[in-house]
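Below you'll find a set of structures to go through.
In the two assemblies presented below, subunit A is common to both, partnered first by subunit B and then by subunit C.
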Partner chain A sequence: MAQLTRKDLTGFLARQGILVAFALFMIGFALANQRFLDVDNVFGVIRSSAILGIMALGVTFVVIGGNLDLSVGSMMSFSTIVVLDLHDKLGPTLAIPAMFALTMGLGAFIGFLVGYLKLNSLIVTLGMLSAIHGLTLTWSGGKNMDIADKEGTWFSVFGQGSVAGIPVPILMFAGLAVVLSLLLTKTPFGRKVYAVGGNGTAATFSGVPRARVVFQTYLISSFCVAMAGLMQASRSLGSQNTVGQGMELEVLAAVILGGASLLGGSGTIFKTVIGVLILGFIQNGLLLVGLEFYVQYVVTWVIIILAVWLDIAAKRGRLWSPIA
Partner chain B sequence: MTDQTPALRLEGIVKTFPGVRALDDVSFAVLPGEVHALMGENGAGKSTLMKVLGGIHQPDTGQIFIAEQPTVMTSPLQAKAQGVVFIHQELSLADELSVAENIFLGELPRKSLGRVDWQALYDTTDAILKTLNVGFDARTRVGDLSIANQQMVEIARALTVDPRAVIFDEPTASLTDAEKVVLFDVIADLKGRGVGIIYISHRMEEIFKITDRISVLRDGQYRGTLETAQTDEDEVTQLMIGRSLDLSRNASHHEMGDVAIEVRDLSCGKLYQDVSFSVRRGEVVGFYGLVGAGRTEIAETIFGLRNPSAGSILLDGQEVRINSPVEAIRHGISLVPEDRKGQGLVLSMNCRDNMTLPQVDDLTAGPFVSDGAEVAIFDQYRDKLDIRTPGWRQLVGNLSGGNQQKIVIGKWLSMHPSVLIVDEPTRGIDVGSKSEIHNLIRGLAAQGYAVIVISSEMPEVLHVSDRIVAMYHGRVMREFTSEEVSEDSLIQAISGIESDQVA
Partner chain C sequence: MNFSTKMALACTTALLGTAAAAETMTIGITQNNVGVDSYQTTYEKAFIAAAAANPNVETVVLDAGGDVARQIAQMEDLIQQEVDAIIIWPTNGEAVIPAVRKAHQADIPVVVTNSNIAEQGFDFVKSFSGPDNITQGARSAEIMCDKFKEMGIEDEAQIVQISGQPGYTTAIERAKGFEDRLPEVCPNVTLMETQPGDWNREKSQQVMEAFLVKYDDIDGVYAGDDNMGVGALNAAKAAGRDGIIFVGATNFAVGYEAMAAGDYWGSIYQSPVDDAEAALQTAIDILEGKELPFLNYFDTPKITQDNMGEFDKPVF
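Right, the complex of A and B next:
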């Protein structure tokens, strides 16, 4: 049997640091609370992470392509409100495609600004965060949106249904993760996303249409947001205007926790899923340990920053370095 | 010039980088009141020497003396405190600040409570500007000045200390003839004050006009110092290029095919004007000139990265408009860019993915990229170009410069282009790989490719080209066949000297 040297170990930690951190969190929480690893609880966490998770899948494309998307939270509020409102006006069969079209229209607009006009994505999506929030409030007149007949609609299936005992949100999250993972790693398009994010100039010099690729990453991101909005609306059949508020940062945290570089060019769907689960299990674990809800915000973010630091430290092979 | 203590003296400077001996025992001295030219080809070690002088690099061995006092340079700021000041080719001024603020940046005169003493600042600055005879004052916003005047601000900045030595690095690169006259006046004035001046330039004409002595570097070695009054351009050129070079001309012996690409009166704003040339299948045409002569910009235009302002491009006799690299590639044009890491490669991707990037859309089985097709292409060009890598999964950033360049070349050869443009194919590549790449380029011509090679290295251009286009300041000065070209005439052509003795 091969000798396990210290170098092998650091190498392993550097590559799989985030998985190790994940395992440590799980063990820690499991020791602290018996219920943590119950099947019910685990399913519950994954299910409640699914909405965030699906948004993170889309943002993964944007980040690998070298950009940011801070608009996803308020865009998710928009799609939720819109689909609920149209549900009663057009019926669910028309409401769903209409909502997808509107949401992806917003994504296309952002993609146009960032891709073709080459505006800074931080500024554009920060502005859109605000603008879309205003759009949502205008649409709803500032009121909560509810479906009139909550009992009699099949619309609830996306958020509340289950197939063979597995909740639909989990199936949708898993299914989308598989499809998008294939798209990212196996298709020419995915290759171009990595190239554009890794070195946009070299990609251009290789005949990769950089603007179009960036545009498409935002289209994917908005598609995922529409999916998330559909699930959110279907789960509660009613919603406030602010349902997605603040989620853009959690989504970004999950993507970065998964190890995608904010500079672009690296990251995978699998890693993002791990990032999403870590985030979900941390929050759940803290709840089970009995931490007060408000304190959870603080502790969650401390843990995220610690995890990211450990990840970087493992890559560097030391905890601190004068150069990045 | 009298025999005095040198203002600045370098002795036995050696500087090595991994794999390169950038400076090999360089010694020379600048006297007070002397304009001393430092010449050498690109890559001869001038920049490295200046970085050693400015304290950016520490020499491995050797010593710097200022007024015969041994001195260790640790930073440009410290060098300035020692009286050694640099006027860089690239200006480093803050556009939004006034002339005075730029000149005294970081050392603004103060009053009590840390307030800036504006009156003193403007008065001191105006006093300095007066000695330079410039037409602007201390309060002018730097962004409103012409490039030449901005350079004057840099010079004024140098004069805030009492300089012993001032180094001008290609100062006339972006100046008009009228502006040059002003600059030369200032240099004459500095000279009159007993300042030692190092003047780095490729332009023979200027060198012979304003310098007293000329020191030459070649391949990191000091090759001697000539009295300007007692030498001529030929002697300097010989010293720069050396006799040791294998200048075997490689005119092709195979039959040339039809004209693959023809460029007629192509212009792109101020970058280049009225450029015409053609390349036949089986022919290598070299573009030689100084950095900034417009060669790269022409290549980028042909590759669809720039829009020409006038003129036309013909492929196989048909006029084409090329608006993007995607279109250029469709027309069978390939470009190996000059900046390998910045433009040629995605360092975070593996060797195979880099090589197949331009054609990844065509290497599919169903919706997915075909692993087999990709690996087949990679294997083919790895063998053909002798790329040394542990495997295609290796990140391209981990390869040596030569192997990285071969990945880029392989990327474009696998596209089977009809016109291949190679910009600075051997920049930063070790000697062994260099000749491999030269042979490769010759071999491609023999196979019937039309090849354009852009290079700033004369031996390279002479070695690989069937014809050479010499450029100066955005214009084609002359075209040489490989039989008629001489180093002297080539160097004269790219230095802007009109040649009257046409063979």
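Right, the complex of A and C next:
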């Protein structure tokens, strides 16, 4: 009986190592600053993380499908600037679908290059990172984009509104996470994504339309980016051209932290969410503790490495192993 | 028309021609990264406009796109073209020094604009034209202190600072100017904490959210520029914390609007147009042989809700 319980525990640890690591950090920060677990702070952090989080949800699909997407940060800047600009020109009702169409057009283009033309996703999306940045600057002429009438628009609801006391960004993040998680685990499409990322050749020979599946993962990714851009634009009703700069690496860090393999074929939405929350709470926790920023950079890195190590160690069942 | 008049006309034309030719100067500029932000975009437009307004000046306007290697190549191009003077907005304060030295060796005077290069390159530079960031920081401290005195809380006020990107001279100098000046004018105001906002509105908003959780009583926020200041303001608004005095620097349109709305107290008015015109004028003055101070600052006045009517809304 005792044997069985222990086995269960080990099994749980092996599957949810990252969750345990997350809980440990939360306890640590909570001890260091009692304000850390205040409802306001927790909501604040999740709301701030929602933008990064929604992008990470989309990138999870791309990564499970065996590819990378480094263009999401730059694409988010694009969608933010575009929706802000169109807001004053077309009104919010038209601006939002127009921005989604343009952003997903970029996603479709990347999906076409990577999926159908079989170009290396690292090269394609790294190139698109610069190209989209150029597009954004061309669109805005380099200027900050601001909504003229900040008080009188309902557009602010996506970033600043709340329903029943819960901020809208959190609801959108959670809602999208549930929908995408169902899509990934409960539909044939989801299984195809795992198949294509796990072993593309085998998937092809099993009749899985590999190119189309990869194409669709980029479409999902760009849809998520458009959502993130919408939220970003709505949150501050104005933006710099570089608002999403560098976020691609944070997004990737969150996805990898959640345990998705860079080689494709593994990862879950739930764990990506945990990865996002870990990054968000580390950043907030370190600010609350009040460390100097240069110490924060180092500590952030140490915590990420610790989390990954705990995750791996839990899978292995020991802290160190001579063979991988 | 008789012969002599023709002659006279011809001579005058020739004279005018030579006089104009002698005075025409070609000034090359290599900028940091036009188009990446509104300030730099406006700067370039103002520079071109100012040069066009002066018939004696011809310009070669280049942009390094934030790339050090490209800027060095552009410096070499300008030296090759034998321009009369070079203005450089350094992409990197250290890496461009050899290229600046090359221009100096070719007897082409170099003016550094907006952000200075590192000190070991000063020997190769005729003049620096730009804002005085230390004074800007000091003036922000004065704006904040004056407001606290007006409110009668100069003996107990507690403030936080959101600084620019770590490692940037502008960020470091503004913070230093502020931190040095504040205890001189308001010795009892406490600066509780400083964290970087990386010149980024969103990042600054996150930093401010954490500050608001951490400190129950915040009377003032000093931000290294208005973009970050408005990010902090958004955080305070979202948290329903009223009565915080926000002071920034480099007055942006968003900051100006927030001041007009009464949410944001003050800033430092730094116009990219003044910046560009000062750089061009510095180069012209050098070519005309005028004596200039090495650090040729242009004035960046205080702007608050009280005197904002005297200033145009910034275009960026």
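Descriptive notes on the structure:
One rule holds in what follows: the second predicted complex is superposed on the first by the 298 of 324 C-alpha atoms of A that agree within 3 Å, B and C clash if a C-alpha of one lies under 4 Å from a C-alpha of the other, contacts with A are read in each partner's own complex, and residues count from 1 in each chain.
Just so it is clear, a contact is a pair of C-beta atoms (placed from the backbone, for glycine too) under 8 Å apart; a residue touches a chain by one contact, two chains touch by 3 or more.
Only a predicted model underlies this, so the values are computations on that prediction, with no experimental measurement involved.
Once the two complexes are overlaid through subunit A, subunit B and subunit C fit side by side, free of any clash as defined at the top of the document.
Looking at the shared chain after the overlay, A:G44 reaches subunit C, while subunit B stays out of its contact range. In the overlay built on the shared chain, the residue A:T103 is in contact with neither subunit B nor subunit C. Legend: residue contacts after superposition of the two complexes on their common chain; A:P209 is shown touching subunit B, with no touch to subunit C.
Subunit A is touched at more residues by one of its partners, and among subunit B and subunit C that partner is C.
Look at A:S79: by the touch rule set out above, it reaches neither subunit B nor subunit C.
Of the two partner chains placed by the overlay, neither subunit B nor subunit C lies in contact with A:T125.
By the touch criterion defined above, A:G198 lies against subunit B but remains apart from subunit C after alignment on the C-alpha atoms of chain A. In the superposed model, A:N67 makes contact with neither subunit B nor subunit C.
Of all Cα pairs spanning subunit B and subunit C in the superposition, the closest are 31 Å apart. Chain contact summary for the complex, subunit A toward subunit C: residues 33, 35, 38, 40-41, 44, 48, 137, 141-144, 146, 150, 160, 232, 235-236, 238-243, 283-284, 287-288, 290, 293-294. Within the complex formed with subunit B, the residues of subunit A that make contact are 182, 186-188, 191-192, 194-195, 198-199, 201-209, 265-266. Every residue of subunit B that touches subunit A in the complex is listed here, in rising order: 303, 305, 324-326, 328-329, 335, 337, 342-349, 353, 357-358, 360-361, 363-364, 367-369, 411. Subunit C meets subunit A in the complex at residues 34-38, 40-41, 166, 193, 195-196, 200-202, 205-207, 209-211, 213-214, 227, 230-231, 234, 238-239, 252-254, 257, 316.
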